[in-house]
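Per-chain residue numbering starts at 1, and chain names A, B, C and D are given in the order in which the chains are listed.
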Amino acid sequence: MIELLAKYNYWIVIILLTTGLYGVMARKNLIKKIIGLNVFQTAVLLFYVSMSKIEGGTAPILLNHGHGPQPVFDNPLPQVLMLTAIVVGISTTAVALTFVTRIYREYGTIEEDQILELNKQND
Amino acid sequence: MDKEVMNLEIIESARPVYAVLVSLLAVVLIGSSGKYPNLRELWTMLAALLKFGLVVSMLPTILAGKAIEYHVITVLPGLDIAFRVDSLGMVLALTASFLWIITSIYAIGYMRSMDEHAQTRFFMCFAIALSAAMGAAFSANVFTLFVFYEMITVSTFALVAHEETPEAISGARRYLAYLLGTSIFFFLPAMFLTYNYAGTLDFASQGILAGKASYTIISIIFVLYIAGIAKAGMMPFHSWLPAAMVAPTPVSALLHAVAVVKVGVFTIIRILLFVFGVDLLTEIGLGIYLAYFASFTILAASIMALKQDNLKLRLAYSTVSQLSYIVLAVALLTPSGITSSIMHITIHAFGKITLFFVAGAIYVRTHKKKVSELNGIGRQMPFTMAAFTVGAFSMIAVPPFGGFISKWYLVMGTFEAHLLPILVVIVASTLLNAAYFLPIIYAAFFKQPESGEVHGIEEAPALMVVPILITATGVLILFFASPLLLNLVKIAVASALGGGY
Amino acid sequence: MTDLAIPLFLVVCGIAVLLVKDLMSSIMIFSVYSLMMAIEWCRLNAVDVAITEAAVGAGISTVLFLVILGRTKSVDEGKKHINLPALLITVAVAAVLLYGTIDLPHLRDASIAPNTHVVTPYYLENSYEQTGQINVVAAILAYFRGFDTLFETTVVATAGFSLIMLLRAGNKKPGALDKTGVTAIYKKTPASIGVKPTATFPAVLDQDKDIVKRTVTKFLIPFIQLFGLYVIVHGELGPGGGFQGGVVLGVSIIIYSLVFGFEEAKQRLSVRTKDLLVSTGVLVYGGIGVIALFLGGNYLQYSVLLPDPQFASIVGIMGVEIGVGITVAAVMITLFYETVRIDAND
Amino acid sequence: MIKHLPALLIVIPLLVAIITPIIGRLHWVLSWYAVTITTFISFVISLLLLQTVSVQGRISYWMSGWEPPFGIEYSVDYLNAYVLIIVSFMAFAGAIYSRKNIDVEIEDETRKPLFYTIYLLFVTGLLGMVVTGDIFNIYVLLEIASLAGYALIALGKKRQALVAAYNYLVMGTVGATFFLLGVGYLYLMTGTLNIADLAVRLPEFYETKAIFTAFAFIVVGLSIKLAIFPLHFWLPNSYGYAPSVVSAVMAATGAKVAAYVLIRVMYSVFTPAFFTHTPFNIQYIFLLLAVAAILVGSIMALAQTDIKKMLAYSSVGQIGYIVLGIALMNVTGMMGSLIHLLNHALMKGALFFAVGAVVYRTGLCSIENLRGLGKKMPWTMAAFTIAALSMTGIPLTVGFISKWYLAVASIESGMWWLVPIILLSSILTAVYFWRILDNVWLKPAPGEESHEHGHDSHQKPVKSNDAPLSMVIPTFTVAVLCLVFGLFAYAPVSIAEKAALILLK
């Protein structure tokens, strides 16, 4: 039980990640897929951020300009990495939604099935 | 086996490279002077003469028992482009380069009389094919040989498709599919396996595979090689050759009687003697299987030749059958057999090119293609048909024509190998040869032309008749002056048998 | 108890997002999901990440999703039957993840490798000495791993450029599309499979006539922008930085154009200028790196910029944060401008 | 400045890319100049890097002046330099080629400067992935290259391009996120992101399940980017509908860089020793996937009627070759893979370039429409033919060299059964290219069938109307390189050998 609780956030990550992944693959609505993708990505973000936390640690902001005794700090590096990852994520989402807009303009629908149907008719 | 064992003095010289390059240079010149046909043809002639001169200039060295080598480039470790002139290669190179001169004259006459299109492309491809044939003759290893082998295929492909009629194109398709297909799917893996087991691809006098792999593996490699070298026209990969007959006659004459097919059988001889080695093949007994296999092709092709009414097709099947003589002879793995095999390269070349020239001359003059239309043609074109007779008799192996010499050695070879069934095959096929050539000669000279048309002497243009007469004379010379050729061949046989001959 | 509750709530939101049929609700739940995520991160002391997630996940993405939704349609028409291949793949991925988690170290353990290996202790020790930052996150972001951040900014710019390229119709005449056969097909086909283009989202084009809103907005915007600037340069001391500040700045312009209309917003910040700004931010960042090169340092080695390495680092970091801010703000505005422009062209 | 080459390699294209839309406002051609010159500079820098590596060994450059593993390290050894040269050269060729090509494929003038911006960002991302020595930095650069790639694909003229780009984006993001997750596992176990440092710290964890999971996610993520069968679904439509220059450059560089990263991860982050600790035999899985890719790619290519899609499926097969060499885990196999990186870049580049030229002239790219083009576009089609022959593996072309090495390596590893498969795929390749060459050279152009065949039609030869020089020259140059490196294979082979020895030391 302790084992389970000590890894609580891992389980959450796994559930979110798989939920998102399933959504990406199984949903046929293009916007829904992107939402799924976002859930999927944030799961990985959570994974990183979870590992940055140390029992009893504080946010990694130095006291007294770094002089003197310091408290235990949480690990700042995973946080930095995730800042980057979040930005990458939103950029991807923006481009994806751009595609969705254009697809809607060209096809009049954002349902994958209908788009495939239309493509078949064209070919 | 090391080269030292061959007791040959090696001379470093780039002359074989020049012999290859001279016609490639001509390709550029021919291509750039397409608008001036006379200049263009001048380049062809110059290149042909120069090439022959270069080849002849190496002859004394070879006759003195030396070899000429030149290393061009290492593509990968173990895969080199390198040349090595020895007596076997010399036989092919002399034959091909000499006949190129003759064919060039003939081709000029033929192409101009027929007012063919795209003559520039024609002469360019022709020159490339000749370069490649030289390269194949002088190859020092399997890889170089393979490269030139493919180069011939690709350059002659354009010649076969020359007419660009649907028929020509479908013929060309089959040509490419067979030649390229077999070489990639059998020859290439065979080369790969050779490299893998022997660690080298350089030709050596007693082969490179002995003791390097199990008999099973060697047998597999052997079968792959034989299947891969479709240019030798062995059944079942022979049907590209009749298909290639849609090409203009000079192409059929030089390439499909000399350069292409002879490179095919030459490759087989090379591989058998210098990759496997006589001893190894004798030990495993692979030669006998090949001999029987070739025998089948000899007989089957002869029978099919009988059925052909189209003259060029009949000649093509005759070629298929004659090529297998060469394979059969070398497969006997005896001194006389090998002698016969190498000599037949030259002898058959002269004979068959004469026959094709004649077929072309008849077509140019009368637009007749079929055997059944040739009644009385001998009176209209006496010189041409006389030359045909010479060529045909050489094919049948009647003395005093060249063909007799090689068949004589072949018969001796069968005795040496104690293979009497093969002797039966030779006799049977000689009869078949006679059966499909003699009626033509008889009809040409003794039958009345159809519908009573009477012609005076109406020969083809001199540019065509003269080459015909030259090659026909060549057939005779090869009989009377056979010792000259024999000297060269003996050196080759000696090196193949490790000097024991 | 929150230890367990918030993550659990995240899971509930995550699943609900994908189950809800109405896209608008789905997006709203996603917004809540992001907010909860931010709270969870705050709880994990990852304040910078939490702020960013709040701004991006709950803010910008939600707005973006809504705008796009307005331009397309709001119901997920797909049938919700179970997709077996997808399920199998998901189960496989879950299995591998569970397998890998078996011998992962416990969370919150100070002795795990990330905390003990030389890298993180080095950052904590040298953050102030070498870079003059007391917020170690900012020090790593802008200096220790400054090159990553340069590319992070570039990613944002790339997204901006892509948006402009794909959405801006440019000077192409309406007829020109038909020639390529693209638009013509579109006009014919939707009806053939029974899809009706829904109405677009015209509201953002017009000015809002409500005087109260206008006045309040006019009054508020300077403060929002000031706050944005503060967040950008404040990063050295506490949470915040170029990215978060840039988002705030961008949002201020978006709010402006929402209230005063697109045309008026364009007069304040023309499209050309804004395009220029997308490039400018990255140029500022990359340029500082180049200056460092010329001053004899390695690329992005701020300590060589001025005689005092520590002060030079502070200046350099502030410089690049400003660069990040400019690009991010410009791209945020691009997101809005370009999506609105299509409406205008439709 | 020699010291700073690794940084300049990335920074110059990055900054030029950012300036490009601004100078493109004056006239779009200026942006073309900027991109062409910049890619050329990158190419020169890559050559200089190779030269430097050969003199002083591995180069390590500390970004921001921080010593690794604290800062981001850029490191160059033979492998990086080799891949850099491939990528920068093909990007340069693509840039020259694009000038006229985008006239028809991206008609809109205002889009052109942005096209070049994104093109250059794409190249920057790829170059960065190759030269960086930090695994998280790879992720960021991967996303730049990917985002730029999605946008470039979406520029295709048909609306299917958008759907293709969307699908690629979704799959690509899943792949990148898997990669990120795997990196997270690695970081959690070792506490470092520097590749060299990881290589030192990882072996003690080889037995752990977590590290295996990390490996699995990183490799699966990269496999999506690399389009290893069965994760290749995004590729055919993406290459098929993207503007030709984009297909060419992506096929020639994008997949190569993904393969490079895979090699780095498998042999520099992990080591061959790791593969003896895995719960099941990873080598066999890779080999099976490679073989499946080779066969499925070739067979699917046979089934296509659109030539760009055919080339795309052929890429799936060729990627199989690369994976095959990687999975053989011996020096010869690795050499085969590395040589194939170059060779496939050249061959596929030339093929897509040639197809782009056809699209430029005729606007169509179905195999049926290629009839009689040999006479209309002799140079383009000659280049196509050379590259096609090379694909089938004819000696003296580059295709032969890589297949030769792969075959030798298969035998060395005792996997003789791979040789017939290589051969079989050569047969299939020959067949699907033969269909095209047959149309190009041997069939009359549409509309000319009615003319009488044979001599008459030759009296008025078809006017040759080849593509503009700015397209023909890069196409033909790349095709000729297929021959040059088929004959002078020693140069790439020797570099590949050194790289392979470093990887498998």
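Just so we're on the same page, contacts are C-beta pairs under 8 Å (C-beta built on N, C-alpha and C of every residue); 3 or more make two chains touch, one makes a residue touch a chain.
Source: prediction; values computed, not measured.
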item	value
Chains touching both chain C and chain D	A
Any chain in contact with chain A as well as chain B	D
From chain C, the most remote chain by mean C-alpha position	B
Distance between chain centroids, defined by C-alpha means - chain A, chain D (Å)	29
Rounded Å distance, chain B centre to chain D centre (Cα mean)	44
Centroid distance [mean C-alpha coordinates] between chain C and chain A, Å	12
Rounded Å distance between chain B and chain C, as computed from the means of their C-alpha atoms	75
Sites on chain D at which at least two other chains make contact	136, 140, 143, 147, 150-151, 154, 159, 187-188
For chain A, residues contacting two or more additional chains	17, 21, 34, 51, 78, 81, 84, 88, 91-92, 95, 99-100, 102, 106-107, 122
Multi-partner residues of chain C (at least 2 other chains)	97, 101, 104, 112, 114-115, 119-120, 123, 145, 148, 152, 155, 158-159, 162, 166, 182, 185-186
Pairwise chain contacts under the document criterion	A-C, A-D, B-D, C-D
Residue numbers on chain D that touch chain B, as the complex places them	392-396, 401, 404-405, 407-408, 411, 419, 423, 426-427, 430, 438, 442, 453-455, 457-459, 486-490, 493
List of chain C residues in touch with chain A within their complex	3-4, 7-8, 10-11, 14-15, 17-18, 23, 26-27, 30, 33-34, 37, 40-41, 44-49, 52-53, 56-57, 60-61, 64-65, 68-69, 71-73, 76-79, 82-83, 85-87, 89-91, 93-94, 97-98, 101, 104, 106-110, 112, 114-115, 119-120, 123-125, 127-129, 134-137, 140-141, 145, 148-149, 152, 155-156, 158-159, 162-163, 166-167, 182-183, 185-186, 189-190, 192-193, 195-197, 238-239, 241, 243, 328, 331, 335, 338-339, 342, 346
Interfacial residue positions of chain A with respect to chain C in the complex	6-23, 25-29, 31-32, 34-36, 38-39, 42-43, 45-46, 49-55, 57-63, 65-67, 70, 72-84, 86-95, 97-102, 104-114, 117-118, 121-122
Footprint of chain D on chain A - complex, ascending	17, 21, 24, 30, 33-34, 37, 40-41, 44, 47-48, 51, 78, 81, 84-85, 88, 91-92, 95-96, 99-100, 102-103, 106-107, 115, 119, 122
Footprint of chain A on chain D - complex, ascending	136, 139-140, 143, 147, 150-151, 154, 159-160, 162-163, 165-166, 169-170, 173-174, 177, 180-181, 184, 187-188
